[in-house]
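Okay, so subunit A shows up in both of these, paired with subunit B first and subunit C after.
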Partner chain A sequence: MSGEVLLQATVQGLQMGAIYALIALSMTLIFSVGGLLNFAHGDFMALAMYGAMALYQAFRMDAYAAAPLMFFLFLLLGFVLFRHLVQPVLAAGVLAGAQLTLGLVFIQENLLLLLFGGDYINVPTVLSNRNLGVPPLVMPWPLLVGSVLAAVLTAVLYVVLMRTDFGRQVRAITQNRDAAALMGIRVGRIQALAFGIGIGLLGLTGPMIVAQFTLTPAMGLDFTLIALIVMVTGGLGNFTGSMVAGVIIGVSESLASLLYGGTVGAMIPYAILLLVLLFRPHGLMGEH
Partner chain B sequence: MRDTSPLAPAVGPWLIFLAVVLAPLAMSSGWINIAILTLLFIYLCVAWNIVGGIAGQFCIGHSLFLAAGAYTSTLLSTQFGITPWLGMFAGAALATVIGIFIAWLSFRYELPPLSFALVTIALAMLGYLAISSIDLLGASRGLTLPVRGTPAMYQFRSDVTYYVVILLHVVAAVALSMWLYHTKIGLYLRAVRDNERAAHAIGVPVLRYKMLAMGISAALTALGGTFYAQYLQYVEPHTFASINIVIQIVLLTVVGGTGTVWGPVVGPMLLVPAGEWLRHSLGGSLPGVHLLVYGMLLVIVIRFAPDGLVGALERARQAWRFRRGVKEVATQ
Partner chain C sequence: MMIDASRLTKVCALAVLTGFMSIAPGFAKDVKIGVLMPRTGRYAESGLSVMRGIEMVVKDANAAGGIKSLGGGKIDLVVADNGSDPTKTSLEARRLMSEEKVSFVLGPYSTPEAQAFMPVADRYQVGGVGLQTTLIPTTPYFSTISISAEGFGKAYADMVQWLTSKGAKIGTVAITYANNDYGQVVSKTAAAALTAQGVKVLESIPVEPSVKDMTPIVLRVKSLAPDAVISVVYFQDGMLLHKARFNLGYADPTWLGGSAGFSDDKLWETLGAEVAEKTLTDSFGLAFYSEDGKLPGLKDALEKGKAAYPDKTLDQSFMFGVQAARMMVRALEDAGSDDPVKVNAAFRGLKFKAGDPAIVLPIIPGDMRYNEDGTLAGTSPIFIQWKGGRKYIVYPESVASTTAVMHGRK
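Entry: the complex of A and B
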């Protein structure tokens, strides 16, 4: 095993890690403002990917051009969904909320199966099958663009949360919802906006990384699980923790796949999660 | 005043139950398979409800227990010729140990709400990946049970016998769940569900009772796993160990009413036959349509009655009795 191969796998892991971190961050955003554990998170991303595919098949629209469109569509979808479905259910408790999202999993997965069939689908884009050679590395363009975009979005999200009024309101709600409401923050609206942005980010990310994946109706669950693992490993509701954990899990998964094969690679994120829970149950960056 | 003993609302379900007992005498073989599947799901939902409903801990790891039961009894029977009638208890013991360990792992510290769901879903996935890659367990192909066809090996010629066996499972599980619900254990578990800190403050050993609920639920689920394996005569990761089956169990229980005794009975009883009918009549042209309908029903029920059909019925009944009471007072 040469050093170059290891380096190649590490870089690829870093790139996947950036994408994982973004998916986990949008889940963290939704979780921290409303306490909603969104088991349908990855399915929204799968929905966005299939949306990009449908746009390509109908209008020959490239996935990268579809991404901004899908962002606004999903922002709206998230906002409406929160106002009319999630918010009333959350009033009955976070448990009911989590169960609701399990229902959404079944709806989305089987809707995709009904509409597009169970076959594996690849969506061609302008960047498909092109590589960037930076000796000694070879990087597929779709992954490079997807990961850079994920990193940029993560940075933007961080700045928005830390520096804008909306961000301060989100953080206030995260810390103490009742006190935030007493300070005049319109909790319901901020929650709906945060949910919309969380889902909107998936609408944007899905088409941007669609060239890197093969589409199947059940793919959403894998994204959900990775996002959950990253979120817990980093410390539930901890933004910095999610970023660090995303990279750690991306790299270790990639290296383990290279050294021990795909099955071990797929198991590594779960094993990391278990170790974290055993020895640092509040997450790598979590506070007691 | 009318006598209102706590068991009064249970009369209706018992009548339905009687019909269920007599049903296979009038059923064709297609319907009896659906009936067996329905009873199996009732059984699994009742088992899940002990930890997921009565104790209020949202566990998504029950595929592990189902697989522990199915694979243990099957391996013992194929490798060592041990009858599944004994093997099922070995499976249940294994599942209990796993369940108690998971509960201990998750509940030692006070973690944010719902982290239990995260831990269990991750472990279930890990189990699925492990089972699908271990050759001794048949990897992704699974294991086939040799056809011996003797009742001593938990195999029957007639589906009616399978029906009776799973019906006995259901009766035992419902009786256990009713008993649990109304004794001290159930009271403690419900106290933990409703307000964990308050329960802890008045001296409920919270961790121990969560572990107990998980152990009972795991053991029951494993017994169901052995039955399912014997009925299908094979075990295979996708059917027994994937998260899909747990989501289905949760969904059916929630539609019926989580945390009630009869909710996990009512949910599958209504939905599984309807789903199977949909699958048989439309599944060829519209794959997944029955699961789509399950999902939509869950969303509708949870939107308008988060406590499920049993909870909604209970509220309607109380409202009716209240109105009648008002009328009686007015006429006096």
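Entry: the complex of A and C
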């Protein structure tokens, strides 16, 4: 195996890892504030991808141009959903909330099937099939853009959480919800806002990485799985941890597929998760 | 013992009347046929396409006077959605057979669904026909119109041998395969047949069907530097494979693959012309169906399909639906009964001469009949090549509509 091939696989893994991290970031945000495991996470992203596809078909709007619009639409959707659906159900406990999101999986998948049919769909973008050649490496532009977005979002979320009033309120709720309420923090409002931003980020992420994937109504579950693995491996509620875990998983998966075949490559994310849970139950960068 | 003459007369009269009712047009006996297809879930689009094919044939048969041997009885389709899920397949099959009392079931669609279906069919003694099922049936109450995984493996090896006879230099082969029952059997059979031909199989690389990036796999293949590659892929992993080949600019080996990931009717459009031109044009796709097939039954199905569904793609799944339904109509005629056991026996006993309009799929190039195990005799997959977004059969030569192109030369 030549060094060139190994380097190409490593770089490819780095980029895929950043995409994994990007998918996991909003799940981390939603979990950090409400303790809610959103099983419909990947399906919201699939919905955003289909939204980008619909905008492209209707107005020839490129997915990258549609991303900011989708962010605001999904932010609103997330806010309304939390206020009228998630919040009342969450009152019955986190388990009820998880069941609700499982229900949303089926609703969204079948909604997509009804609206767009079950055909596989490719959404062309200005960057589709474009590569950045840095000999001997070839890097697809859609992956590069996704990687940069992942790094930027990680930094922004970190700053927002650590340096703003909103972030301090989110952290206060995460630490002790009742005490936060007693200190005058409007818990429901902050939770709704955080949930809205989390869903909004999926609205942003979906169109930004749509060129990398083939759309099908049942695609969401795969995204949810990878987001869960990355979030738990990195440490629940830790954005930097999600970024680090995503990159580790992406590179390991790519190198293992190259060296030992696709089956071993596919086992790698689960093997890493298992090892982390055994030796660092709170995740790579999680706190006790 | 005294025989009550009046009672005997009544019984005889009733028997005559019953017999008369069964043949008289005014007393036609409708027959319920179950359709067990995925209308939701992973195979929903294929299932819906199959449905269109079935509905077209049944509508035509009913409009043409129904089943003659049942006094012109109409076919009444009872549709059930199995959600692309084996468990639901089992439950819905049970419902169709025990509650709806269907005489036969068209479906299920895929191999895992068929595995769940067979024990139910066996128990209720109601026959069914699988469409894209690559297993060998284990009950007399299940038949398939697809080809077995072993048949696929051998077809790849035959194709390599044929390409070599046409001047391609193929001494080494790498195989990538979807790591499930089907992919493993295809890969093993192909490797064994290739080795027997004197072709060296460098490596068989398993790939999970849910893979998100095929670049590392293509890099591994590239490092092996084979003369040819065989890729057993589905649609999504096929898309990823072609994208990775395009991005890495890897076009050296002769690439064979199938089925959906190389020959699905929507593949070219979904992949986009730019990638498709660079990857599909020189590749050979294993397929069940191509529009340019020469069979009279296929041409007829295409003509009627285009009239019935002008805005839909008449894809492989549609043709599978037409094929299964035409066979079912003929089996009902032969059975002359709605008794599930008789209908199933008639289905298994079907015999069509080459060129019969009931034969739709080009994988049945000659006469059609069933083997004892419920697989079709004499089937052979076809290989297609893409040109400008259209598929053309290049192998076997007996059904080919054009000459194979190998790296730009015929």
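Structural remarks
Note that in this section the second predicted complex is superposed on the first by the 286 of 288 C-alpha atoms of A that agree within 3 Å, B and C clash if a C-alpha of one lies under 4 Å from a C-alpha of the other, contacts with A are read in each partner's own complex, and residues count from 1 in each chain.
As a working rule, contacts are C-beta pairs under 8 Å (C-beta built on N, C-alpha and C of every residue); 3 or more make two chains touch, one makes a residue touch a chain.
This structure is a prediction, so every number in the text was calculated from the model and none was measured.
In the superposed pair of complexes, A:P136 makes contact with neither subunit B nor subunit C. Once the two complexes are laid over each other on the shared chain, residue contacts for A:L113 go to subunit B and to subunit C alike.
Of the two partner chains placed by superposition, only subunit B is touched by A:L228; subunit C is not. By the touch criterion stated above, A:N122 is placed in contact with subunit C alone, subunit B being left untouched. In the superposition on chain A, contact of A:P68 is made with neither subunit B nor subunit C. In the superposition on chain A, A:L258 contacts subunit C only, with no contact to subunit B. When the shared chain is aligned, subunit B and subunit C each come close enough to touch A:A266. When the shared chain is aligned, no partner comes close enough to touch A:G188: not subunit B, not subunit C.
In the superposition on chain A, the residues of subunit A contacting both subunit B and subunit C are 109-110, 113, 117-118, 217, 263, 266. Contact residues on subunit A toward subunit C in their complex (touch as defined above): 1-2, 5, 8-9, 12-13, 16, 109-110, 113, 117-122, 124, 128-129, 131, 138, 140, 213-214, 216-218, 222, 226, 253-255, 257-259, 261-263, 265-266. The part of subunit A that touches subunit B in the complex is made up of residues 35, 37, 39, 85, 88-89, 92-96, 98-100, 102-107, 109-111, 113-114, 117-118, 217, 221, 225, 228-229, 231-232, 236-237, 263, 266-267, 270-271, 273-274, 277-278, 281-282. The touching residues of subunit B, when paired with subunit A in their complex, are 56, 58, 105-106, 108-109, 111-115, 117-119, 121-123, 125-126, 129-130, 132-133, 243, 247, 250-251, 254, 258, 286-289, 291-292, 294-296, 298-299, 302-303, 306.
By the touch criterion given at the top, residues 40-46, 48, 176, 179, 205-208, 210-213, 215-217, 219-220, 222-223, 235-236, 239-240, 246-249, 266, 270-272, 274-275 of subunit C touch subunit A in their complex.
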